[in-house]
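Here the chain labels run A, B, C, D, E and F in written order, and each chain numbers its own residues starting at 1.
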C-alpha cells in the first residue's frame, strides 16, 4: 500500500455546548469523537491517503460510536483494540471575543491509558508503513502510556516509517520535568517535530527571546531560534513551529515556520475569524504530513499546512473536512470567501 | 425546620440520545443530572418538603452544573462537598416496543466513590432531620463508599431520623455476596425497606414462588411472602415492594405492595404507556416518603406513591415533576388524560 | 366568489414544550399560532375553500407573525384589523398515558378582546359570504367581545350566510350563567350548533342521562337526547355532538352524532393513538362545514368530519393539514396506516 | 475473505420531517442516506460481515456524504463509482395511528439509473464473493438500469455467489408487465427470493386466496401457496415471504414464512409499536442472509431475520443497528423491554 | 390593482446545513424555498406591494410546501401552475472567514425548466400589471425555458409593464455564448438591467478596466463604464451595478451604482458582517423596484436598495424580511445597531 | 448573614428567536427568564453572595418556571410572592451588523405591576440586609408599582441597606416627566446611581456636551460632567456611568466611569464582538455591587464591573455566568481568548 500512515494515541468523546452556551446552561450537548492523533489521521484520510488510527477503546456502545465516527471520515480502524474501562471524554465551551474557550477533560482511566504493548498487533500495524505520527499527549496519559508510546515510536522507526511528533505539552497531564524526561527519549526516533513556542519552553527549556504570547505579539526571529535549537539538540532535520497570535477568542493570526535541513520557510499569515479553534494545530500537522508525503517542496508544504489549518478554524469539530481544491484555492490567494456555486 | 429530609448518594451526568436514536447515530445528546438518591430528593422538593441532597462533586464546571440542576428543581445543595476526580456519568438509549432501553454507566472513580467520612459536616447535615434515605447503589460504588454509607446511615439513625433504603441491586457494581454482606449490616439501622423481587432474591436470597419476571406475569402472593420475609429477618416494620410487569419497553404494568406493621396494602395497578422509565422506582420512593411524612395512612400512602410514580413514567428525565394536584387527581380515579385548561 | 367562508374570533400564539417536557424543563418552546376559529378557517382553506379569518391583532412583529402563519396555510387575512395591546398566548404541555395535556392561557387584554364593532369593514367581510363560523370562546373573552360577537353573527345572518357555532364552553373565561345568557341570545341567528356533552350541560343545562365522561364510557342514547333538546329549544335544525372517550392522554375513542332535520346520523368510532389532541374539535367543525358546503349528504358529512378530525389527532399543531384524499381513504375504510409511496 | 457479501443498487438521500410533522410544517429535515440494497449491506456490516455496497454516486459533496454515511456504519464503499448527474432523494413524513407514513420520491435521473455496465470493475467486485443481493427496485429505475441489474446478477452467479433478490415491487417505477418481463429473466440466476404477497401478485401474477391486506388480516395458508408457486415456477429452492399486518401506522403485526427446500418454516409473530417502519423489509433480508451465511438452520434463520427486523422497527432510520445480542435475546423470548444496565 | 408586480422564474427547495457544518457532518438540514425571482417577489410583498410569483411546481407535497412558503411571506401564488416532474433544489454550506459558502444545485428536470408557454394564463397574469421582473437564471435552465422566458418578457412588455432583468450569469447552467445570444434578444424588451461586473463581462463581453474582483478591490470608474456600455448597446435607460468587495466570507463591502437616464448615482458603501449572503443580490433588485414604484428619486432609490440589501445580509434565508422602517433608519444613518425596544 | 443582597423588581419570560432569525421565521423560541433586577441578583449569586430576588409571579406553571430559573442560578426565591394575573414576557430578535436587536415587550398587567405593599413580608426581606438594588424600570410599570418601589427603597434604606439604583429609562413605559417626578423622589434614599448618558438626559434633564451617541463617538469629559451633576443634585456620593460605543449590532466599545466621593475613576475600554447584548448593563451593576461589597477600591471596582460585563456580552442570555477567575484574568490583561484547558 502506497503511503500508509499510522497515527497512535487517544480518541475521546467530545461534548460541546451548542453555540456559545456555558455548561450550566446547556440542555443538549453536541457529541463527536476526537483527539490529537485521530484528528491527524482524519486530515490525511480526508485528503485521500490510507490513514490508520491505532488505539484501544472500551468494548461497548461508546467505543463503537468512536469507531463509527472515525470510519465515517475515512479513517481505517482495523487495528483498534477493544477492551478496558472507559473512553476518555472532554467538554468544550466555545468562547468568543474576550472570553476564552474552555476545555474540561475527564480522561483518566481510559482504555488507552492502561493499554499494554502486547495487546497490539504491531507486525500488521507497521507492515508497509510510510509515516507514523504521535503527539506528546499520549505519553503523558500515564506511566504505562509513556512506555507504550516510546515502544510504538521505536517500532515504527524500525519498520522504516518516517516518524513525526507534535509536542503538544499539556500541563494538566504531567510536569515539565516528567515531560522533558520522556519526550527527550522519544526524540531519538523522531524525524520531524511540530511545536509551538510554549511547548519548546515547557518541555525542553528552549526559549525564544523578546516574544510575548499573552499580548498577542510574536517575534519571528525568536521562533527561528527555537526551531534551530530543537533541531540541534536532538539531531532532527525538520522542525515546524506554529505561530498563533490570539487577538481574541474570535479572531486569531495564524502562520508557521518550517525549518527543514537547515533552512527556514515562513508561511504567510492568515487573520482568521474563528468558528472552532479546537483541532487547529492537529490540522496543521495533518496538512504538513500530507504535503511532504505528496512530494511538495518545503515552502509549498508549510504553505499547504497553514492554509489547510486556516480553513479548519472555520469548521465546527476537531476534524478538518476541507477539500484539496479548497486548500489549493486559498494557497493560490483566493481568501475572498466568494460563494462557490 | 419541619420534616427536613436528607438523601445521600451519587449524582451523575445523564446523557440521553434524542428520541429513539442509538448512540452511534446521535449528533446531540440531551444532558441532565440524576441518580437514585438525588431523584428521591427532587421528588420531595417538588412536593414542597425541605429536601437536601448530600454528595461530593468535582470542583469544576461539571460539578457546578450538577448542583445547578438540583437547585433548579428545589433541592437544597448546601451540604454538597466539592473536590475529587470526576463526576460519574451514564448514557441512556431509550427503547421502544421489544427493544429495551439501554443504560451504559461510566461512573468509576467518581468523587463520591472516593469520599471520606470526615469530609462531611454531619452535625449540620443531621440537625433537625426527620427522614434519611439511601439506596443500595451508593455502598456498591466502592469499599470506601460502603463504609461511608454505613456510617451515614448509622449517624442518621442516631440523630433521630427515620431511615429508608431502596435496595436497588446493581449487578455491574458488586456481587450478590458482597451486597448481602454490606446491606445486611445496613439493615440494622433501617426503618423502611423498598425493593423489587429481583433485589430481594439477589441481595438477601429471599425468593417468591411461582412468579415469572421475564414473561411479565407476577404473582401478588409471592410478593407478600417476600415483604414479610424481609421484615422478619431484619426486624423492619415497613417494607414496600414495587411490581413492574414489562409487557414491552413501551408499555408496563405498575403497582406496589406495602407491608406496614404486619398488614398488607396493595395499590391499584396502572397500565402505563411509557415516555421515560428511568427514575420510575425512585419516584415511588419519593412519593412514599412524602406520603408518610404527610401523615397519610398506609393504604393512601402506597396509593399516592404508585400514582406519583405512574405519572413520572410519562415525563422525560429522572426527576418527578408532577404536581400534588396531578397525583391526587389520578388517585381519585381520573386517568382519562383529558386536557386540563 | 363561490362558497366564501368567514370565521371570526381570536388567534393566539401557541407555545408548546417539545416532546413531553414540562414547562419547568424546557429551554425551547415550539411556536405556532392558533385558536378555535382560525383552526376552522385553516381546515377549510386546506380543503380548498376560500376561507377568511377575521380578527384584530397588535400592529407589531408578533401580530405579523400570526398573520404570516395564517397565510402560510392558505387562510385569507385581508380583513384582519391591526392595533390593540397584545396578542393572547397559551402554553401547551403535551400529556401522555395517565398524565393529561395541560393548557395555560395568558390571553387577557388581547387586541380582539377589546375590539369594537366599528373597527371592522363588515360590508366587505360579508360580501358574497356563504358560511360564517364562530365559537363560544370569542364572546367569553370580555363583555365587549360578547357584544362584538353577537353583532357579527347578526350581520352574517343578515348577509345571507349559513351560521354555525361551536359552543366550546371554557370555564376559565366565564360562568355557566353568563355563558347561558349570551349564547342563548346568539342561538337565534345560528343554523348549526356543534357541542359536546359538557358544553350542553354547562351552558344550556341540557343533560344526557346515564353517561360517564370521566370514566371514559359514553352513552350514545344520551347524546341523541342532548342534540334533540338543543334543536328543539332554539329551533336549530342541525346539531352535531362530538363523542370523545378518553381512555388516556395517549389513546382516545372519537366519533360524532349529527342530528339533521330531525334524523340522527351516527359516525363510526375511531380509536386514535394521539400525537396532538389540541385543535381536534375544531378540525371536526372544519370538516363538517366543508362537507356540507360540498353538498355531501348528512351521513357522509358526519363521516367526513370525523375522519378528518381523526387524522388531525395524528398531527402536531392545531391546524388540520391532511389532504382530501387522505380523509377519503380513511372514510373508505383504510385505517391500516400502510406506507404510501 | 470469508463470506464477502455484495449488494448492488441505489442509495438516496433520505429527508425526513422531525417527529410527526408534515412537509409543509417543517423548518428542518433530518438527513440520512438509504435504499433497499444499502440497507441490506448495512445490516450485514452491523452483524460483522464484510459487506460491500456497489453503486454510482455523483462526484460532489452530496455523493461524498452518502459514502460517508455508509462507511460510518461499516459498509465497504471501495467499489462505488463516482460520476453522473445527481443523487436520488426521497422525503418521508412519518405517520401515526390512522395516518399512513408518506414517502415522496425524487429519484429520476440519478447517477445509478444512468450507469453503464463497463463503469464497474466487476472482476474486483466479485473476487472471493460469497453472496450477492439485489432488489426489484434497481432494475425498475430505467431500461439501462434493468440491463445493468441483469448483467450484475448474471456475473455474480457466474462468480459463484449465492444470489438473493427481494422483489420489492414499486408501482411508481414500472408497470406489472414490465416488472414481470425483467424480473422473470432475473429469476434464472437467483437462489433465494424474498417477497410479500403484493409483490408476488403484481409482478408474477401469483396470488394467495382468502387473504385481505387492507383489512389487516392475513392467511398463513395463502402465503404457503405463494411461496411454493414462486419456487416451482422459477426453480428457486428458497423463498421467504414477509407477513405484515397493519393494524395502524403505529402498530403492526410482523412475521415471516420461509420455504426452504420444500419445507415451510413459520416464524413467531411480533406485535410492534412502531418508531420507523421504513427499511423494515430490508432488515429482514439482511437478517436472513446473515443467518444463512452463519450456518443457522432454516427455522432459526427465519426466526433470526424476523427478530432482527422486529427490532429495526423500533429504531429511527433505514439501517438496522441492533446488536447480535439484542436479536438473540429477543429470539430467546425476552420481548419484555426491561431496561438493560 | 395599483402597482401589481409579477416575477417569473424558478423556486427551489433550499437545504442548508445548520451553523457552519459541512454536508458530510450534518444530521439535520434547514429547509426553505427560494430562487432569484421568488426572492424579489418576497421583497416586494414584504414592503407591502401586491407581488405575484409565477412558476410551475410539481403537484405533490413538495410543490405545496414551496407554495406555502411563498404565501407565508405574502407572495401571491394564484398563477402558479402545478405539474411536471420535480422541484429543483440546492444545498448550502455557509462559509466563514477564508472558507467560501458552497452552493450545490440539483435543479435539472425541474417542472419550470420543462414548462410550456401555453400552460400559463398570461391574460390574467398580466392584467393590470405595473412591473415585471426576471433574471438571467430562468432562460438558462433549458432551451424550452429560454423560449418561455423570452415569450413572458415580450408579453409583459406588451401588457404595459416596466420590465427589469437581473443578468445573474450562472456558469453551471450555460456558456457565455449561449447566454449572450438569449440575453441579447431579451434586452430588447427590458427597461432596467441589474448586473454585477462579472455578469456584464461574461454575458455581454463588456469589461471594466483596472478592477480586481478576487483581491477585493473594486474600481468605481470601471463600473460607470460598464453601466454606460450596457445602456448604450441595448438602449436601456436604467442600469444598476452592484459592487461587492469580498474581504472574506464573513465580511463584505457592499454598494451599488445606478445609471439612470444618463446620470450616475452612487450609493454609500456598507461594511457588512455577514449572516447569510445568499439572496443578497435579489434583495437589491427588490429594493430598487420597490423604490422606483414608490416614486423615489434615483439617488434615494439606489440608497434604499443598498440599505435594504445590506440588512438582508444580516438575516438567515434568501428572503428579505426587514421592515420599511428598518431600511429607512439605516438610510438615515443609523447603522449603530443599538437595541430597539 | 453576611452581605445579604436583595434586588426588587420584575422577572419576565424571555422568548428569543434562535440564531439571527426574525420572529416571522421562527418555529422554535428559546425560553429563559430575566429582567433588570433579577439579572443583578443572578450576577451576585454567581459570584457567591447570598442574593435574594423579591417579586410577585402568578401561581401557575409559568410562575414556577421563572422561580426554577432563578434557583438554578443560585438566586434565593424565598420571598417571592405568588398570585396575580400573568408573568410579563418579551421577545428578542438578535441583530447583527447594521441590523439592531429588537426587543418587543408584552409585560402589561403583570403580577408585580399590580402588587401591593402589604403583600410582601418586609421584615423578613430586610432582616440583616447589606445592599438593596432596584432599577428605574420597576417604578415605571404602573402607578401602583411606582408607589411600591418607593416604599421598598425607603424601607431598605431604613433597614440599613446601601441602596443602588440603575436609572434605566424606558420610553415605552413612561414619559420623561413622569420618570423625573418619581425617580427624583426615589433619589433621596439612594446611595449609588448607575446610568448612561441617555438616562441622565431623559429622566433628569442632565446633559453632556459634545457627545454623539448615534454616531458611536463618545466624549469622556461629557460623562464626567453628567456624573458630577447627578451627584450634586441629589447628594449621592457614588455615580457610575456606562459608556457604550455602538459600532454595529455585532461590535461595541464598552467602558465605564465611576464617580466616587468626588473623584473620577475611568475603566479601560473593551472592544467586544457581541454574542448577546441584552443584560449587559445589568451585569455591570452586578459586578460593581459585588466589587464594592468585597471591599475593592474604587478603581478596581469599576475595572471589575466593566470586565465582568464585557464577558457577559459574549454569553447567550441575560444572566452573567462567568466565574470570578475569568473576570480577574481579563482584568489582569488577558483578553487574548486563548483556550483554557
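The rule we apply is simple: contacts are C-beta pairs under 8 Å (C-beta built on N, C-alpha and C of every residue); 3 or more make two chains touch, one makes a residue touch a chain.
Not measured: the values here are computed from a predicted model.
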item	value
Interface sides of chain C and chain E: same vs different residues, half threshold	same
Chain separated most widely from chain A, comparing mean CA positions	C
Chain whose average C-alpha position is farthest from chain E's own	B
Length of the line joining the C-alpha centres of chain A and chain F, rounded to whole Å	44
Length of the line joining the C-alpha centres of chain D and chain F, rounded to whole Å	61
Numbers and ranges of chain B residues touching at least 2 other chains	22, 24, 27, 68, 72-73, 102
Interfacial residue positions of chain B with respect to chain F in the complex	68-69, 71-74
Residue ranges of chain A in contact with chain E within the complex	72-73, 270, 272-276, 310-311, 313-317, 321-322, 326, 330, 333-341
In the complex, chain A residues that touch chain F	19-22, 24-25, 95-103, 105, 170-172, 213-216, 246-251, 277-278
Chain F-facing residues of chain C, complex	15, 18, 22-24, 26-32, 60-62, 64-65, 68, 85-87, 91, 93, 102, 104, 106, 108-109
